[in-house]
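All chains are identified by letter, namely A, B, C, D and E, in their written order; residue positions are counted from 1 within each chain.
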Amino acid sequence: MKLFNFSQSRSLWMMHFCTGCGAMEMPPTMTSRFDMERFGIIPMATPRQSDLLLITGYLTIKTLKRVVRAYEQMPTPRYVLGFGSCTINGGMYWDSYNVIKKLELYIPVDIYINGCMPRPEAIIDAFLKLREMIAKGEANAWKKYIENYEWYKKNQSEVFDVEKWSIKNEK
Amino acid sequence: MDAGLIFYGSAIFLMVMGVFIAITGRHLIKILLGIDVFDTGLNLLIVSFGYINGGTAPIFSKYPNIFKNVVDPVPQALVLTAIVIGVAEMAMGLAIVMQIKEKFGTCNIAKLKELKW
Amino acid sequence: MVSPILVIALTLFLAFSIPLLHMLSKKLPPFVPPLATLINLWILITNIKHVGEGAMLITTAGLKPPIAINLAIDKFSLLFAILIQVIGFLLSIYYLSQERKDMRFYMLFLLNILGASGIVMTGDLFNSFVFLEILEISSFGLVASGKDKKALEGGFKYMMIGAIGSSLYLLGIIVLYLSTGTLNMAHIAKLMPSIPDSVKLFSSILFLIGIGVEVELFPLNAWAPDAYQGAMDEISTQLSSIISKTGIYLAARIFLTIYGGLYATNIIFYLAITTFIVAELAALMQKNVKRMLAYSSVGQMGLLMLILSVFAKRGDVFVLTTAILLALNHAFGKGLLFLSLGSLTGNTRNYDIEDLKGAGRANPVLGFLFATGVLSIIGMPIFFGFWSKISLLISIMKANLMYLLALLLLVFLVELYYYANVIVNLFKGEGKKYRIGVIPVSVMLLFALSLIVFGLWPHPVFKIAQNAAASLMERSMYISSILGGM
Amino acid sequence: MAMFLLLLIIGLTGLLAFILGPIKVLRNIISLIGAIGGLLYFVFKIRPGQAYALNIKIYNVHFGTGMSALSIFFGIILLGLFLIFLIASFHEDNDGAYYMFSFFSLLGALGVLFAKDLISFFFFFETMSLFSFLIVLKGNGETSHRSAFKYVMWSAFGAYAFLLGTFLKVNYTHSVMITDISYLGGNIKLWILILLLTPFMVKTALMPFHLWAPGAYTDSKDTYTVFLSGGLSKIGVFGYFIALFNVFSQIAVLYPWLLKVFAYIGAITASLAGIYAFMQDDAKKLLAYSSISQLGYVAVGFGVYSHFSVVAALFHALGHAVFESLLFLVVAGVYYRTKTHDLRKMGGLIKKMPLSFIGLLFGIIATSGIPPTIGFPSKWLLYEAIILKNDLFLVSLVFFASITAFLYSYKLIHSIFLGKLHKEHEHIKEAPFGYGFGIVVLLIPLFVLGTNPGIVVKPIDYIVRFYLKPDLAYNLTNMTTPLGHVNFPAIGITMTLLFTLSFIIYLIFGKSYRAAQEDNYTATEWIDKDFGLHYGGEFYGFMRKAFGKPLTWSFEKILNACLKVVSFLGEIARGFYMGDARVYLFYIILFFAIIVYIMGGKL
Amino acid sequence: MSILYFFLYLLLVTVIGLLYMGVARKVTAHIQNRYGPPIYQPILDVLKLFGKRHTVTHGVMHSLGPVIAYTGIASTLLFLPLGNHTPLLHFKGDLFVVLYLLVVGPLGMALGAGESSNPNATIAMARALSLMLGYEIIFFMATLPVFYHYHTASIYKVIQAQGVFPHWGAIIFPISFLAALFALQGMMGEKPFEIAIAPHEIASGPMVEYGGKYLGLLQLWHAVGIIVETGLLVDIFFGPQNIIWFFIGTFIVFYVVILVNAVMPRFRIEQAVRFYWGIPLLLAILGILQVYIWR
């Protein structure tokens, strides 16, 4: 198990789900200036292949449906990173009718990075923090999703029609 | 064989006229007549072949035959049957022409265009 | 030994007795033709034994050959006579199944059979002209007996050309008579060397035209497609099987026995090739199946004349056997085709390919019969046509005319093209179902069975054809047996 | 007499099957007995070398029927395939005539194998193409009469060329038997050879003569195509052997360029047919082109004309009979269930028809010639033979053709079995017993002959050794040629070993659960149940742009051009009979005048 | 003994392959002026992938795809003589066996990807196979002169025949070697010809539905693939006498391929196939002509 945790921490494949304004911060972290690849983090095309889901900005209900679908398509163990204040408490869209105020209600989040769009250094710092948590085996937010699956589904159903939108395959 | 120019000439002329009528005629009966003229021309030619100068009609009777040379009887016999056959042909032809007139309503051969190409 | 003269006499008597019988009861005349042809057949079969080497001479009016008219029957003419009677008998049974208002039709039919058997058996030239005329006039009548526009037009056209043709034939006979003094075929053949060349040439040209009309050579066969298409189906069967075969017999007798295959034959050789090619190419473009069959039978006649001329060029017994095989195959195959076409279209006389679509599938028996006929004419293996085609090609190969062989094969391909087109249309799609009587089907089945049986076991036919060809080939034997050493 | 009896058995069963047409069960049993009886009789009673004289003495042609080892080799293929076809065809609703025609086409094919002289060869060759034409005519589909027409026209073209060649030969050598003509002077023997070869090139659908094949294969009844492509095309291969070895044995010495041209035609056919194959959207048309392409290899084998290139050609002919009929059988089974050949409408059938999937999987592996299966040894031998003949361009062309095999075989298996199951195919069952039995029976030789080819190479080598100097050392399992050495079972064993190894790796790590069909990554966009995910049609559509214009050229255009010329001539000929009697009269008089004028000189 | 030796050999090649991939990522990173992951990163990735718990499959064939892929490439490896010693003692690799076994790998992956019924995967497979139509023929025509020159079809004999430096295939047949390099670029699926796995267009092509252990197996397949393909080229054109030279050779060739991969954009599929039938085909034909003239 320890070897797996070590290897999982060293090679985190990121599902680059660019929602909201945080997406602009990703290119500098990826390219030569801040080079996140040296920590073994490379952007992957499909949720099937990735372990890390980045929510980089405010989430409207419409994108939440896609995010939940992508999250469920990722193999476990999977980790979620919430960027910016919009994911924490809705940020400057706190009073908007269709923006999600607390990301936690819908999908479990491992690490939040505050700041109205954190700079690349903060993102790298978050990655390193996540690495240690995985290495020590503490980052198991994904278990919460499986254990209280109904609670999450109830919260989601308040916002959109889960029945129509969820994937029906034998879990 | 020496029937002289007149007979041969007229016979051939008749045959050529017959064919000419048959080819250019528009009316069915005119064409039939053309064929008949051609036949008669032919018969005339055959008979004229059989003519021997100075010969008399080849009739045998009980009196001894006083004239030596007799015209060659065989072509004449043939012509007899040929004429009968010509008649039969014309009869059948006219029967057909009657039917065509009834069915097609016209005797003009140009109108008979059912069977083409 | 019943003398074959009875064949002619009997048919003549029965033909003219039909109106009397008609007075007795309406239903009697249809039974006369089958009776007549059956008796003729019986007479001829009894005579097979007597036709020894060379020709069997039957004199009329007691006088020796060169003077009176006599019958000269050798194996070759006997074979054709029997063929005519057999097909005549089958056709007359076919007529039983159709009620006909006009009893005169049976008279014409019997006259036709009379003319045909007369030509085949006669030994005298003028006599053959008379029988030819009887044959032609009765066939004008038969073709026109269809009583609708097409039949009448076809009949008239046939009449016009036939009349001119036969009169030129008569002119030929007269020219020959003048130079030889006799009318007896054997005697003329004997005196042939003594006739001056130019007369022989001129008379052979006249004969060429006279018989050419009958045998449908290239420029003279313009009447054939219209007559075949116009006539009723049974009549076109009769046209293709009986009348054209007698034409071939006449051509063989005159050009081979009398002229010894010298004069007109090389013109015929080229004419026959053009006939075959023109007919097949014309058939290619046809939308009307009946006219297509007409062109194809004209083409087959061209082929037959080609074989005769090939025999004249470098002849041996085998080439003549092929001629007979081709004649038999064409008689039976084409006859079957015309008859089955008639019932396939349910006697509605519209023969367009589109209307025939799927007819073979709708009434399978007729489809099978039509297909057998076509496949036998094309020369497919299981059928009799295969042997006739193979022997045709072998005989041409023996006369080592290789380019002709290649040309023929090419034209056979064209022939296959339009025949396959008909068969394919016949067996595809949904066609109309027609009710057909038992008698016509049984007649057609007889035709088809003969094709298949002889196809699979061709030996007996080969033997008959071989000795018939042998007797035709020995010209001197024919002359000596007739003239009796005169 | 044995051969005559065999033909009799088959003929009688055909007739009986026709007579018992309506009573399905009885007819099936009778035809089954006939086929099995024929096969057993053939295997046990008929020995090579015996000349069963059935001499029908017609003029100088006798119907002697000889027997050579090669004809036994092909005879077994034919009868075996016929049995498989028969068992599978009981599921289709065919009438008695269908069975009669198929039996008679088999009779024709066997007759050809036993023919000793050219005329009987032609007789049986014609019967075979006649009855297969009639079957294609009865085929399903609305274009079947067009393709039947093309089929009969092309085989007649071949047959008449053969006939012309035969008569040229008889004219020069005065004997109808299949004897050697290489001693003849001049290049007449070249013409005879080309003419004799044409029907076989038509039968094996080499490039210029292949126009009939796609139509005939697609439109005849599904199960009959198995026999048509697997069995009857082998007669073409048999014909090659007869023409190139018995009729003209010194061809390598006298006309080596002809052989090279023949090889290149075969290679071009293989590659072009392969390219056409992967452009097709109809399963059977795809397989038809693939069959043409595989037969192209056989032609290359004969063209190269060295010992083990001919062995490779015959081996590939056998291989083609096995895997091509396997593919056709599977497609027939799929058609039986889904009633369609169109690749666009199929998909995801692996869930419903696993046995057919396995059959097709190993079928395409064999078609593309991947080692453990029967396809590889013959291809390997062929390559070695061509390189030995130091013709490098030919070997690259043949290799290019075998690459196209990968393309169209993957397209076939993907569009039918993989991908998303259509709603209407939800409840279809596996193909019925007839097809299943055929698949299993064909899979056995696929592997057995693939791993130890010695079984088949021994008899073939025995046949070819007589004509060409053998330089192929072989035993049951491996083959060595001057160039290289291959141990076939070794490849098989290593592959199975490694398969188990990677399967173990697969089993150790974690459990995986099955996802529903629509749980697919579609950039997280929502798709419902019947969203068309299947990418079946236009599979290599973009390749059309890659090939561009050359793809549109086709031999069809040349054929139509000469058809137009012939119909133009027909127009002229028809114009002669214009319908007016007076004109006819004018013809006669004109003709009379001309003749007299010509003859005037002699008068 | 040979079975243990057999597994060790396979493990060694896989690890070296993974290290090659690590080097590749390192080199591309440095070209892009950044540090890039440690060299052993791919090994970590594979370990992580095998550690994944819940992975998804779409059916038996889907899960068997990677298994067949790995079998294919592993059996090709075993038939490919690495330097002068081959694992399967009595059987020296034959060119055609290797070329046909090379196809089993992609075929297995194609079947697996097809089963996933994801349009991206099927489009990818169509592209991969069409590309094969391009590079496979060039590769074959490029290697043909060498085999023909040494009158053999077995790779092992070719290696032995090449011996000392001036006798290398690349030196005798430079044109064919160039054409082979073009073909290798396509065969490896590197940048200008990365049409099948194009992550931006079709979401990493066939691997779109593969996760967890399947992706791990495919990574192994890719790793061994690198060694086999470059090894094939090295064996034919350089004839390494022993295994060390073999791996150095493969590394150099791989290095060249990576350099090209780092800087090149990506072809469209029909452009790629057309490209292959342009210059590389010409080069290959020239190579063959050279053999003819040479002989």
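Just so it is clear, contacts are C-beta pairs under 8 Å (C-beta built on N, C-alpha and C of every residue); 3 or more make two chains touch, one makes a residue touch a chain.
Model, not experiment: these values are computed from the prediction.
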Chain labels contacting subunit B and also subunit D: C
Most remote chain, CA-based centroid, reference being subunit B: A
Between the pairs A-D and B-C, the one where more C-beta pairs touch: B-C
Inter-chain centre distance, subunit A versus subunit C - centres from mean C-alpha coordinates, in Å: 98
Centre-to-centre distance between subunit B and subunit A (centres being mean Cα positions), rounded to whole Å: 117
Inter-chain centre distance, subunit B versus subunit C - centres from mean C-alpha coordinates, in Å: 28
CA centroid of subunit A to CA centroid of subunit E, Å: 36
Residues of subunit C whose C-beta touches two or more other chains: 156-157, 160, 164, 225-226, 285
Interface hub residues of subunit A, defined as touching at least two other chains: 46, 48, 73
Junction residues of subunit B, two or more chains touched: 19, 22, 31, 112, 115, 117
Every chain pair in contact, whichever chains are involved: A-D, A-E, B-C, B-D, C-D, D-E
Sites on subunit A touched by subunit D in the complex: 46-48, 65-67, 69-70, 73, 165, 167-171
Residues on subunit D engaged by subunit A in the complex (per definition of touch): 513-516, 518-519, 521, 524-526
Contact set on subunit B toward subunit D in their complex: 19, 22-25, 31, 109-110, 112-113, 115-117
Residue ranges of subunit A in contact with subunit E within the complex: 3-4, 7-8, 10-11, 13, 31-33, 35, 37-40, 42, 44-46, 48-49, 51, 73-77
Parts of subunit C lying in touch with subunit D, wherever the complex brings them together: 156-157, 160-161, 164-165, 168, 197-198, 201-202, 205, 208-209, 213, 219-220, 222-223, 225-226, 267, 277-279, 281-282, 284-286, 318, 375, 380-382, 386-387, 390-391, 393-394, 397, 400, 402, 405-406, 409-410, 412-414, 416-417, 420-421, 423-425, 427-428, 458-459, 462
